[in-house]
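This report refers to the structure that appears directly beneath it.
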Amino acid sequence: MPTEPRFTFGLWTVGNPGRDPFGGPTRAEVDPVDSVHKLAELGAWGVSLHDDDLIPWGVSAAERDRIVARFKQALDATGMGVGMATTNLFGHPAFKDGAFTSNDRKVRRAAIGKAMNFIDRAAELNAEVYVFWGGREGTEAGIAKDPRDALERYREAIDTLGDYVHDQGYNLRFAMEPKPNEPRGDIFLPTIGHALHFIEMLKRPEMVGVNPEVAHDTMAGLSFHHGVGQALWAGKLFHIDLNGQRIGRYDQDFRFGAEDLKEAFLLVRLLERAGYSGPLHFDAHAYRNENAEGVWDFASGCMSTYRSLAERARHFDSLPEVQEALEAASTPELGLASVDGDEAESLKSEAWELDALAERGYYNERLDQLLVDVLLGVR
Amino acid sequence: MPTEPRFTFGLWTVGNPGRDPFGGPTRAEVDPVDSVHKLAELGAWGVSLHDDDLIPWGVSAAERDRIVARFKQALDATGMGVGMATTNLFGHPAFKDGAFTSNDRKVRRAAIGKAMNFIDRAAELNAEVYVFWGGREGTEAGIAKDPRDALERYREAIDTLGDYVHDQGYNLRFAMEPKPNEPRGDIFLPTIGHALHFIEMLKRPEMVGVNPEVAHDTMAGLSFHHGVGQALWAGKLFHIDLNGQRIGRYDQDFRFGAEDLKEAFLLVRLLERAGYSGPLHFDAHAYRNENAEGVWDFASGCMSTYRSLAERARHFDSLPEVQEALEAASTPELGLASVDGDEAESLKSEAWELDALAERGYYNERLDQLLVDVLLGVR
Amino acid sequence: MPTEPRFTFGLWTVGNPGRDPFGGPTRAEVDPVDSVHKLAELGAWGVSLHDDDLIPWGVSAAERDRIVARFKQALDATGMGVGMATTNLFGHPAFKDGAFTSNDRKVRRAAIGKAMNFIDRAAELNAEVYVFWGGREGTEAGIAKDPRDALERYREAIDTLGDYVHDQGYNLRFAMEPKPNEPRGDIFLPTIGHALHFIEMLKRPEMVGVNPEVAHDTMAGLSFHHGVGQALWAGKLFHIDLNGQRIGRYDQDFRFGAEDLKEAFLLVRLLERAGYSGPLHFDAHAYRNENAEGVWDFASGCMSTYRSLAERARHFDSLPEVQEALEAASTPELGLASVDGDEAESLKSEAWELDALAERGYYNERLDQLLVDVLLGVR
Amino acid sequence: MPTEPRFTFGLWTVGNPGRDPFGGPTRAEVDPVDSVHKLAELGAWGVSLHDDDLIPWGVSAAERDRIVARFKQALDATGMGVGMATTNLFGHPAFKDGAFTSNDRKVRRAAIGKAMNFIDRAAELNAEVYVFWGGREGTEAGIAKDPRDALERYREAIDTLGDYVHDQGYNLRFAMEPKPNEPRGDIFLPTIGHALHFIEMLKRPEMVGVNPEVAHDTMAGLSFHHGVGQALWAGKLFHIDLNGQRIGRYDQDFRFGAEDLKEAFLLVRLLERAGYSGPLHFDAHAYRNENAEGVWDFASGCMSTYRSLAERARHFDSLPEVQEALEAASTPELGLASVDGDEAESLKSEAWELDALAERGYYNERLDQLLVDVLLGVR
């Protein structure tokens, strides 16, 4: 039996006012408390947030407490959870050269401190995961940073924060969110792979996973479900950001399923088969030509497309012709070990049998066409 | 004192006959022995090779020995070394669905055996590194392979071969070569990051590094020198493939320096500063509209551009105005630890100082313009 | 009533033996006569061909006639038509620097002559359209060609061939096929737009249109249905090549519908609404891991997905909620003239009313979600 | 003798405060009058501007006149010219669904009126060219606009404005500026080619040319100098926007020469050889991590790199080895007509000579390496 998906939305997603590099806002900002209520109504499981989404930069300590209390009240009233919390380390102009990897040591320290401050709140809000998206950790002028120094500073920051969480006894895991570029010309930890490797270099690799985002690896033209597959294979898929994006474009953050339905299908099928049970987080926003009403069309669409794809995936796997086509493609055979205590000599001699092995076909056209037919609802 | 760079060329690079998807060869294949002699003459340090570059598929065992002996004679005569050796696991039609990750178990076993066979030769030829480029390890129809199964089979193959090298007592390290796509729609281990992570999942991570190629990460639009920086940071740069490529294109394998001179400069400067002493391998080929003569123009150009860039990098770093600009950008400050036994509370309170930290500039325009001036030889 | 679509396949598509830059053929070449019979069986309307697809380069004049006669017999026997014919100006090594724009004048002349020779055959075969795809018209080293000279030579060639068709009294229209790159680093006439403009510069613009290909404009990340829209708007869609492709990759030529179902839907809907009645030509090939059997799976899949999408498009437009959503988006209002004999002063004063015009939304999320729902067969 | 280049900067370029999608401004906006003075000091020839750059939206008519008078005074005082003027049809939220192609007819009318209002000012300021960049003319949800309707409305708007300029007797030419995407998912007239074709469809094609921008066609991975070459070939290069950009990224607008020096060299050489004498307009801005000081480093760098490249181009062409290499590549031969009153039969028979024509090489490696050597200042 499939479990009920736990959908979450960032406060900044439904709250996005439609500003872009060429124009100002097209709709009003939304009060986080209103978002909580509205999302609960639409069937979401929870929300996620940056510190600055909830607590405007510069308010007094008393005001901060008041805001958080009011927000918790809304969560309690609606039964909504907090899927993840994170620090905004990109909006403030001081982060213009980076946060954890700014060339200015004082900025790096302030960034670590800002994260600590909100980690306390995240624990207070029972957030499941604390995400690090290093949007400003990069360069336009590569000459200005030795990438080895930058990665060393990045590691130092995450290790320091890992120690902090450990020392405080918080029940909080970290998730690194990769992105190749924008807002920086090139960002450190550009893909899922780079982030997975970085985690292995940390002091506490066991408490850190990844938070891949459809749009981010897709910008670089990488197969998103392959990347998620590598994270799952390594036991490192701690959170996921769902949205839509065309390859080789600015960060579009479209509604989930708005682009590349086949890849979205492969992703949902993989998540469902792998038993991923973390938050399904929509990090996206309504098209800028929408007014306030369109925001909720957008939010509903994200969830309904996920459900449709999950249903299509189950239907696909239930079809006898699909099972036959998977067999014809030898797909299940990829799950079998290739070697099993073999002598090297026997493997070496099998190498000379390649000519005979070249004859067969793999029937991928048939299998992929079945997928297209299922996607289009004609089968 | 900079050491003399050790330039190598693949036999398949200068031997490339100019075939492409839309047309046949435009020049004759080159006898590997002739390549060794000609490259020695032009000042290369060595060559690299796939099994099938040297030993045509299907010849008898006796003929294989004869060919290898003749090749070793050419190496001895010229003093040329073997930078790396590798298995061709992509050319034979049996690998059409993958080699180590083919859905057909027999193909996977034959692939492992084929690699073992040439690992023996690599040891005999004193190759420094044994490379694995999994060009066929991927999909066009993602539905045909669970990426977790594919990675598990990939790991199994490398672990099996690592054991083999260990058991034979060969002095040989492995290097994984990532590529995002082509000839498969999507290739597993698409970037430097994915390969670095994969290595950490292996049984013998210490004997495995990466062999990044300019063209490959550039196809995906990633900063190549950032990726190489991550490999160097992890101590995993075992080999490198130099060439030229435009973002978002078919695999072009142009002459080193033919595209993106600034990135090439940043790469060479990084390699020189990091003291990378492995082979500098040109995995490229002459434009298809060249005849035999143009091949050697191509080879000379690769080496001379590397030397020019290394000289430009030393000159750049010798300029007082550059040192001043690096200081103004706080570049050296990125080498300093951000925290040093600090109390969490002090870091947390420093977070509130961001407004003051936003005032300064980083003078990256000035620094980058100095780089452009040096590149253009006007400074 | 929708007319029956006229599906065609290039002889080189179903005949593609699976060769790619990294490996040789994986299946046998197919006799063109067998392709005609098999495609007729599967429900295609016709075929298309390059000169060299039918008549191997270098055979005698008598053999050429014999081959063509046998081919015509197959067409007659099956009732299959010839959607388009074209010259292979890319395969022969002499075209390595270009055909109509080779720097070698003798090559340019031979290219024009080769086209004339097959234009005669095209007329004999009652081909509807004669296509020019200038795959070799470009550069890797931009310095080697002044683009103005190249375009002038390109124009000269098409004008010469246009005169030839006119003088011979053939009932044959030309279609220019754009492509951004591959096999050249950069190709002249890289997009639909460049080709449409080039046509306006010709001596006989009225006899020349475009043959856009999904894969080609998609490689450059352009919206294919927007490009086709511009061609239709100008009355210049003379032929179309349907297939599947990811952005920013090598030329993949996947089965139609295998990538980006939403864009494929928008394209099919546009073609159907515009009453395009030319050939629907699948310029694609089976995945390389298929053997002979998979080729026909591939061909059937192309046609069935086109039919499915056309049906989905009709269904979409039949839904009352879609009509409402189009109204809410003001889509029909884009068909109305903006001005109608207005005084400039009245338009100028209306400019000051923008603030009030900013309030409304366009309900594109709702409309696009309806499209996704229809695509997924859940509505 | 080369003429002195006429460098211009948009008021919005040096005035750019460093806002991006993920963060607010990092430096103060600059008073247009201060920009005029500072740019004059640095050696620029003039400025360019949108209506809203100079005249904030919403000020009174009297205030508008006062602002323009003060600006003209600054131009007079410094001798600076106005290279081009244009309408901001993207910033106001009313343009969220397009300006000339908004689905809302009232918005389309207001857009035309807004352009008319500033065309009057452009004439008053003696602007040479009036540019149309249709940044909002596009879609995220393709289903919301029939591209044929959109192009028809686009044409109607430009024709209406062309009539207006004609009727007023203004000495003003139009230039269309293409861009593939951002801020819209897909923009109509995405490339130089599409814009050149669109112009041929207008009522007054003779008064309309293109304003290509390095960043825009580069985003789509197209060769910028090929595109500019097509515009020059057609006599349609009325203005040009110079900057730096990586392929397949968000719109970066980097300093001219900051990316892809070889392409920048080919562009400058082409412009200089073609005798382009219009404004050389830097549509770029300082990196966001710069403060006010860095803006002028940026501006100086743009101009100095153009000058360096122009000098390098002259030097390149002055080298005897370059002239020899161009001859070896048959580059001058591309300037010769291919046919000259030939009989078709003679061309047809020359086609059979291809085998012999395949032998020669084109020496592009040698030629391109000379270019690299000149670029690096080592030759």
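For reference, chains read A, B, C and D in written order, and residue numbers begin at 1 within each chain.
Just so it is clear, a contact is a pair of C-beta atoms (placed from the backbone, for glycine too) under 8 Å apart; a residue touches a chain by one contact, two chains touch by 3 or more.
None of these values were measured; they are calculated from a predicted model.
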Third chains touching both subunit D and subunit B | A, C
Between chain pairs C-D and B-C, which one is joined by a greater number of C-beta pairs in contact?
-> C-D
Hey, how far is the Cα centre of subunit C from the one of subunit D, in Å?
-> 29
Where subunit B and subunit C are represented by their mean Cα positions, the distance between them in whole Å | 37
Could you list the positions in subunit B whose residues touch two or more of the other chains?
-> 26, 92-93, 95-97, 140-141, 181, 219, 221, 246-249, 258, 262, 287, 289, 358, 360, 362, 364-365, 368
Of subunit C, residues touching subunit A in the complex | 26-27, 221, 246-249, 255, 257-262, 286-287, 289-294, 297-298, 300-301, 304-305, 308-309, 311-312, 358-366, 368-369, 372-373, 375-378
The answer for subunit A against subunit D in the complex is residues 18-26, 90-93, 95-97, 135-136, 140-141, 181-183, 185, 219, 221, 246-252, 254, 258, 287-289
Show which residues of subunit A lie in contact with subunit B when the two form their complex.
-> 92-97, 100-101, 103-114, 116-117, 139-153, 156-157, 160, 164, 167, 178, 180-181, 186, 188-198, 200-201, 219-223, 225-230, 232-234, 248, 262-263, 266, 270, 273-274, 326, 329-331, 333-339, 342, 344, 346-351, 353-355, 357-358, 360, 362, 364-365, 367-368, 371
